[in-house]
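Look at the two complexes coming up: subunit A is in both, with subunit B in one and subunit C in the other.
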Partner chain A sequence: MLESAVIWWTFFKISINERLIYRADFMLGTLMRFLPTLTQIFLWWAIYDVISNNEPNNTGAEPDGNIAGYKYGDMVAYYLLVIISRAFSSMPGLTGGIANQIRNGEVKKFLIQPVDMQGCLLMQRIAHKLVYYLIATLPFALVFFLCRDFFIEGWPPPDALAVFFASLILSFLLGFYLECCIGLIGFWFLEVTSLTFIYMLMNFLLSGHMFPLELLPAEPFNIRQLVEYLPFKYLAYFPAAVFLGKIEGPELYRGLLAEIGWVVFFIVLSRILWHRGIKRYSGYGG
Partner chain B sequence: MPIRGKTFIADFSRLLVADKPFYNPAMPTIEIKNLSKTYRVYQKQEGLIASVRGLFHREYREVHAVNDINLTVEEGEFVAFLGPNGAGKTTTLKLLSGVINPDQGSVEVLGHVPWERENEYRRKFALVMGQKNQLWWDLPAMESFRLNQHIYCVPKDEFERTRDELCEMLNVTSLLGRPVRELSLGERMKMELIAALIHKPDVLFLDEPTIGLDVVAQHKIQEFLKAYQQEQNNTILLTSHYMKDIEALCKRVVIIANGSIYHDGSLEDIVDQFSGDKIVTLQLHDDRSLEAISKIPNLIEIDAPKIKFRVDRDGVGRVLSQILSEHAVDDIVVEDPPLEEVISNVFSQAEEKGRREVETHS
Partner chain C sequence: MAWAGMNWGLFKIIYRHTGEIGLDSGWHEHEFFIFLGTIWIINSLIQTLFMANAAEFSELIRTGNLDFALLKPIDTQFLISFPRINWSQLPNGILGVMLIAHSLSELMQEREIYFSVFSLPAFLFFIGCGAVVMYSVMICLASTSIWFGRNQNLYNFWFYITNFYRYPMEIYQRSGVGMALWGTFTFVVPILVVSNIPARILAQPLGTPWKSWEWGLAAYAIIGSIWSLMASRWVFKRALKSYRSASS
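Entry: the complex of A and B
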C-alpha cells in the first residue's frame, strides 16, 4: 500500500512537471473553450428575442418567455456551468492515447514493469487537470463575474452546492473510466477512431453539452426518458442542473447515487477489459 | 525501511508455504524447455473485392515464430541471440520477459514463470529495446530514473549511488538535466540503459541496443556492458545485428533461424564449423610472381604488390609451400573470413534447411 502510494505520488509530480512545459498551450486552450459557448449564447439570445416578440402559443414556448423551463438568463448560466462540468469530465486524448499505446506496443511497459496502467493514467490525468485549473481559474472567475447577472436565482442552497461539487468530482472519474474502456477496446480492434467519434457525438447530444436535456423530444421516441438511464448526462447536464435548482430534494441524492453506480460500473468494466485485453495481447503476440 | 521489509516477509512466507519452490541459486538462471509460439497472421488478399470478403471471412496463416526451443543459461553468462530478421529472437525475449504467453513448453527465469507476471519477478529483470523509447520524452532523464526508483522500490541512497556510478561509466552526468528529446540517439540509448539498470536487475534482456548508433557510440556501449557485466555478474541476453557487439561481448552465441536453435556455442565454434575456407594474403616481391599467381582459383582481389585469395582450410599448408618454393614472398597473412560473411552463410544455410523441412512436411 505504502509503496504504491509512493509510486503514484512520484508519477503525479512528474506529470505536473511535464504539464507545466506546455503552459502557453494551456492558456490558449482555456480561452478557446469560451468561444463556442459565446456563439451558443448569441444563438439563444436571438431565439429568445423572437419568441418574446411573437404570439406565445404558436412557437411552442411557454407564455412567460420560457423554453422548457429555462429563461434566457438560465440558459446562459447553464452553458457557463456546462463549461465547468466539462472541465472535469472531458478527457482529451485519453481514448486515442490508450489505443495508440496498444497499437505501437508501448503497452508492453505495463506488462514488464510492476506498475498498473490505469493508475498511471489516472495520476497523469489528475495532474493535468490540476495544472489546468490552476491556470484556468483566473479566466473562469473573470467570465463568471462578468456574467453574474445571468444567475437569476443566485447561489444554490448549501446541500445542492455540496451535491454539485461531489458530482463534479464523480464526473471526472466517470469520464476517465468511460473513456478508458473505449480506449481498451483497442485490444480487439486496432483502430478506435470511429468508435471515439461515435462516442463524441453521443456525448455531445446526450450529455447536455449541446443543450439542456429538457429540450430533448419525448416523441416519437422518448429520448428524454432514455438519457435518464444512460451515463452521459452526468458528464455535463447533471452538475449544471443541480446548481440551477432544476433537480431538487431526494432527486439530488438519487442522481448522485446513480452517478456513483456508473463510476463503479466503469471501473469494474475497465478492469475486466484490461485483464481480458492483455490476455489476448499476450496470447496473439505483441 | 518498510518497503524492503515487506518484500522480505513476502519471500519468507513463500518459503513457509512452499507451494512454489523458492529460488535456488544452484538452479540455472534461465531454463527454456520445448518452447513454442505460433502467431496467427491475417492473410489479406489484394484488391477491393478481397477486402470486402475479408470483412466476413478471414483467412489466417500460422507463423511459427518460436518452434520447440530448449536453452539453459547459467548465472553470469552473456549470451547473444543471432539470426536473420523474423527468426524469432525478439519473440523469445518477449516470452522471457512475460509480454506474451507461449503455446507450449515451459520457461523459468530466476525460478519464476515470466508470463505469470508476478511483481517479484518484474522487479528482478529489465528489457531494453533499442527501437523503443521508454523515457519521458519532454522531461530530463533524471525524472524517468526517479520514477523507476520508486517503481522498483530502490532505497534513496542506493539509487543515488547506482545512478552516479552508471552515469560516470557512460559519461553522461552533465546531460542528466536535459530533456530527453534534445539528446542524440547515442546519448538517449545510454540513458535508456541507466533507466533499466537502476534496480540492478539480475537478468537483463537487450534487444538490439546499438541499433542506429555510430561506431563510437556503439563501442562505448559495448565497453560499458562488458564492464558492467563483469562487475555485477548478472545474466545478460542480447540480440544484435552488429557482429562487433557480439565479438566484443559474448562468449556464447545462439543462432536462431525459422524459430529454432540452429547452433549454440562459442563464436570460434561457428567459424570452425561453418567456414571451410581461410583467406590468404600474400605480399609478393615482384610483379612477375604476381602475374603467375593471379591464375589461382578463388581469387578475391589483387592490389599490387598484394594478392588475396581463398583456400580450403585443409589445403593451406600445401598451397603455401608450393607458392613459397616458386616465388619470393615478403609477407603472408592467413586469416578466417570476416565474421559477417560466415554468419550470413550460416543464415542462408539455416533458411534453406528450414525451407526443405517445410517442403518435406507438405
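Entry: the complex of A and C
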C-alpha cells in the first residue's frame, strides 16, 4: 500500500515538472482560451438585439429577450461556466496516448512493472490539472470579475453551489475514465483516431459545449430528450446549468446520482477492457 | 468536414430563434450561410496549403533541423511555406462552394441579387486576398516558436484567431470593446475585412447597390493583404535573427 503510494507520488511529481517546462507556451494557451468567449459575447449580443427588438415591450437599453429560458446575461454566463467545466472534464491527448502505447508496445512496461496503468495516468492528469488550475486561477478570476454583470442571479444557493463543485470533480473523473475506455479499445482496433474524432464531435455537440442543451430541437426527432440519457451532458452542461439555477430541487441530486452512476460505470468498464485487452495483447514493436 | 457540419448545425439552430444576426445588418439566414461558406473556403485553402507546413516549421525549430533549411540557397520563407500539400482539407472548401451555391439560389427566390461578369472574379480575387492575409498571420504565429522554444498551441492559436473572422463585422460595432476589437482586426490584423468582403460581394446583405463604405472597405482589403504580407515577412526575418540552433 505504502509502496504504491510512493510510486504514485513520484509519478505525480514528474508530471508537475513536465508541465512546467514550456511555460510561455502554457501561459499564452491559457489566456487565449478566453478569446472564443469574447466573440460569443458579441455574437449573442447581436442575436439578442434582434429578438428583443421584435418584442413589443422592449425597454431598449439591455437586450431582454430570451431564448429557451436564457436571457442574454444567462447565455454569456453559461459559456463562461462551460469553460470551467471543460477545464475539469477535457483530457487532451489521453485517448491517443493510450492507443499509441498499445500500438508501439510501450504498454509492456505496465505488464512488467508493479504499476497500474490507469492509476499512473490518473496521477499524471491530476498533476497536470492542478498545475493548470494554479496558473489559470488568476486569469479566470480576472475574466469572471470583469464579466460579473452577466450573472444576473448572482451566486446560487449553497446547496446548488455544493452540487456544482461536486459535479465538477465528478466530471473530471467521468472525462478521464470515458476517454480511458476509448483509448483501451486500441487493444482491438490498434488505431483509434477516427473513434476519438467521433467522440470529440459527439462531445462538442451533446455535452453542451457549443450551446445550452435547451436549444436542441425536439423535432424531427427528440435530441433534447436523448441527451438526458447520455453521459456527455455531465462534461459541460450539467455543472453550468446547476450554477445558473436551471436545474433545481430534487433534480439536482438526481443529476448528481446519475453522474456518479456514469463514473462508476466507466471505471468498471475500463477495468474490464484492460483485463480483456492484455489477454489479447501480443506486444508488437520494441 | 464534420466541424463544418456542426458549425452549420449551430447556426441552423440559432436561426430557429432569430431572424437576423445583428439588428438591421441584413445577415439573415441565407446571407449568413453564404458568409459561412466563404469562411470555409478560405479556411480550407489555408489548411490545405500552409497549415501542415507551419506546424512542421515549428518542429524544425525545436529539433534544430532548421539549420538545413537555412543553408539551402533559396529563400527560407518560401522553402518552409510550401513543401507539402494536405489534400485531406480540401473537401471543406468544396462543401463551402456547395453551401454558397445552395444559399444563393434560395436567396434569389426571395429577393433580387445583382450579378455581373465581375462578381465571380471579384469574389475569387478577394478570397485570394483572404488567403494571403491568413497565410501571413500563420507565418507570424509559427515564427513565435523561435522565441518560445516550442509552440504546441499553434493549432489552438489558429483556431482562436480565426474565431474573430468567422462572424460578420457588424456584431462588433456595438460597444467600446467591440469597436476596439473591430479596429484591431480591421486595421492591425485585417482578418475581418478579408472574410467580410468576398461574402458581401455575393450576399449583398444590405441590398444593391453597395454603399460607399463597402467600396472603401474592399479597396482597403487589397491594401490590407499587401500590408500583412509585408508585416509577416518582417516578423519572419526578425525571428530568424534570434534563432539559435538546438541540439545539433
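Here is the rule we use: the second predicted complex is superposed on the first by the 271 of 286 C-alpha atoms of A that agree within 3 Å, B and C clash if a C-alpha of one lies under 4 Å from a C-alpha of the other, contacts with A are read in each partner's own complex, and residues count from 1 in each chain.
In this text, a contact is a pair of C-beta atoms (placed from the backbone, for glycine too) under 8 Å apart; a residue touches a chain by one contact, two chains touch by 3 or more.
Source: prediction; values computed, not measured.
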Superposition on subunit A - do subunit B and subunit C clash or fit: fit
Partner chain in contact with A:2 - subunit B first, subunit C second, else both or neither: first
Subunit B versus subunit C as contact partner of A:145, first or second or both or neither: neither
First (subunit B), second (subunit C), both or neither touched by A:17: first
First, second, both or neither for A:155, with subunit B first and subunit C second: neither
Which of subunit B and subunit C A:112 touches, first, second, both or neither: first
First, second, both or neither for A:282, with subunit B first and subunit C second: first
Computed vertex angle (subunit A) for partners subunit B and subunit C, CA, steps of 10°: 90
Distance of closest approach, subunit C and subunit B, by C-alpha atoms in Å: 7
Subunit B and subunit C footprints on subunit A, overlapping residues: none
Subunit B - residues contacting subunit A, complex: 2-3, 6, 37, 39-40, 65, 91, 94, 97-101, 115, 117, 119, 122-123, 126-127, 132, 134, 136, 138-139, 143, 146-153
Residue numbers on subunit C that touch subunit A, as the complex places them: 2-3, 6, 9-10, 13-14, 16-23, 25, 147-153, 156-157, 159-161, 163-164, 166-167, 170-172, 174-175, 178, 181
Touching residues (chain side subunit A, partner subunit C) in the complex: 22, 24-25, 28-29, 32-33, 35-36, 38-39, 42-43, 45-47, 49-51, 53-54, 67-68, 197, 201, 204-205, 210-211, 215-217
Residues of subunit A defined as touching subunit B within the complex: 2-3, 6-7, 10-11, 14, 17-18, 21, 105-106, 108-109, 111-115, 279, 281-286
